[in-house]
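Everything on this sheet refers to the single structure shown next.
A, B, C, D, E and F label the chains in the order they appear, each numbered from 1.
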């Protein structure tokens, strides 16, 4: 079965991203397909490559990145939500005249249409929020 | 009277930062002093200099930065909370081997002791959260 | 001097107004801000709780947050006072301490 | 096929479990995750609501979130089933659709 | 995958402005119009405040996005369900709710808002393919 | 400013793990010990779950920080108030709560946790100089 996951909260502040990650891992282990993981609202903050969590804690972004690499997941950050919150990739930073960027290469930036399309293509769309 | 403000939520997702900003402006207009504004939990995300909110919306970070400049506010971002969430200044980025930084120059990074000290020195400590 | 309590969430969504009402003392003051302002409306299922609170506490609502959500002073319970941000600042200064119910 | 509903917040803090219980149909399933797992405990002030729900709906709790908060299957109401993440995945696959009550 | 039309329902349960969910959910709804799906919106619990009349953000500094709901009809999104019990519990009636309309194929202006009971809402939710709540 | 000691109260109202507030509030509490203030903690509403026994995060992947509460006594933070009504509403007793202690000046081990009623808690909150809630 194909799942699209929608994540609406940032890392650490809420458990939403952790729950979605554990769900994705379990679904993949059972042979299901993750069609897309879409990061919206504060969920875009999961895509930062600049986080330095304490040594004894989980690294949420790196966990997603590793899972994404292993299973070639399509992990999409909403561009509008990301711009509001200061999440940029190098292309965006260049276009917008910003002097730095912070998005991890495991994620790609795209529009909200990717969420709707994810809902159309998948058998189930699950939301993880606050 | 001296106020210390504690802001626990990021920009846009929650009204907390907006409320704190309007409160700070009103307090300063009435002749009170803002001893410190301390950004904790997701509140650290208010300090990004990379946000590009829509033209017709408020720019929360720039609002704080302008108010801070006008009144020489001490705006402190908690270092531990910031590291967890990928908020870094250039010094931190250098020390941690990160290839970019994102904190607006109007804010400074420091430890949690600054919050406790802010509670000791101010006449009132107000929390703005979720 | 009595304490000022602030509540920022709708009592229809969260329990924080109830926590505040049951853990604040007579003579203290309660200021509803952000989404909590909808708790001040007339005829709601929490109106009785608010009316009981007004009997021995001072209840305020932040007018700008009320207007933002489409309501005015005419829509709120009798006995609840409306303040602006300057009034919010005065309330904090006039009370012995402030507690945010989150 | 019936729907699966997920609830992730404590019923002592928020209204979302109540919204779910009153807006879900007989024969549907409800999975409590994250902080909502504490709603499954025995002897709480929402135990009657949950017991009523069990009569005509399937109620599940995510075991890892229950353990994380210090509780086990022995602590929850009779009739509520515990699942792990693999069971969560199965529930989603077996139901016609899933709705998150946020 | 089948190319058939799916039933998308956006369930709005939170008050506007205190959190961003109302605004950012509306942004998804507007985008969804481009995909020719069967889109409906629900306003229940505190979500009914999202479409309350006379929202005025002048003194709060928040961005007033309430006018965007009026554009939904132009995007052929005209199934807006408001839960009756949610209004009642909040002391509200349809008079407090914006008069949202659309033009039908004969250019006649029709109301987009349908008042539904909690039980009717449960039935509506049950028949969706995708439910996105916030 | 006066150099007198202030009464700091940290009020914990939320369950742990679902949100970060419990963990990051505890980090402030531990730092506050260095400032020689009069520090107390309250666990009420869902905050009582923060100090429940036997927290086991193995299967959830969350960071288990419950042991850090046991260190509070070593930092001379030994006024931990648990609201009686909050326990009762959740079907809990003190048996569900961690056995947190400190050593007094004679090295005797004493309980840090004091069960208080809602009314007693209101009195305690009323006499604080700084209240930080989450």
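The definition used in the following text is that a residue touches a chain if its C-beta (ideal position, glycine included) is under 8 Å from a C-beta of that chain, and two chains touch if they have at least 3 such contacts.
For clarity, every value in this text was computed on a predicted model and none was experimentally measured.
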| item | value |
| --- | --- |
| Chain separated most widely from subunit F, comparing mean CA positions | E |
| Maximum centroid distance from subunit B, chain identifier (CA atoms) | D |
| Chain pair that, of all pairs, has the most C-beta pairs in contact | A-B |
| Centre-of-Cα separation between subunit F and subunit D, whole angstrom | 28 |
| Gap in Å, rounded to a whole number, between the CA centres of subunit C and subunit B | 26 |
| Length of the line joining the C-alpha centres of subunit E and subunit F, rounded to whole Å | 42 |
| Multi-partner residues of subunit A (each touching 2 or more other chains) | 8, 12-13, 15, 22, 41, 54, 57, 80, 125, 127, 129-130 |
| Junction residues of subunit C - those touching two or more other chains | 8-9, 12-13, 15, 34-35, 64, 84-85, 97-98, 100, 102 |
| Touching two or more other chains - residue numbers and ranges from subunit E | 13-14, 17-21, 45, 60, 62, 129-131, 133-134 |
| All touching chain pairs, where touch follows the definition stated at the start | A-B, A-D, A-E, A-F, B-C, B-E, B-F, C-D, C-E, C-F, D-E, D-F |
| Residue ranges of subunit C touching subunit F (in the complex, touch as defined) | 2-3, 15-16, 19, 22-25, 28, 97-102 |
| Of subunit C, residues touching subunit D in the complex | 12-15 |
| Residues of subunit A touching subunit F in the complex | 12-15, 18, 21-22, 54, 56-58, 130 |
| Complex contacts: residues of subunit E adjacent to subunit D | 11, 13-14, 21, 44-45, 118, 121-123, 125-126, 128-131, 133-134 |
| Interfacial residue positions of subunit D with respect to subunit A in the complex | 6, 8-9, 33-35, 64, 84-86, 88-90, 92-93, 97-98, 100, 102 |
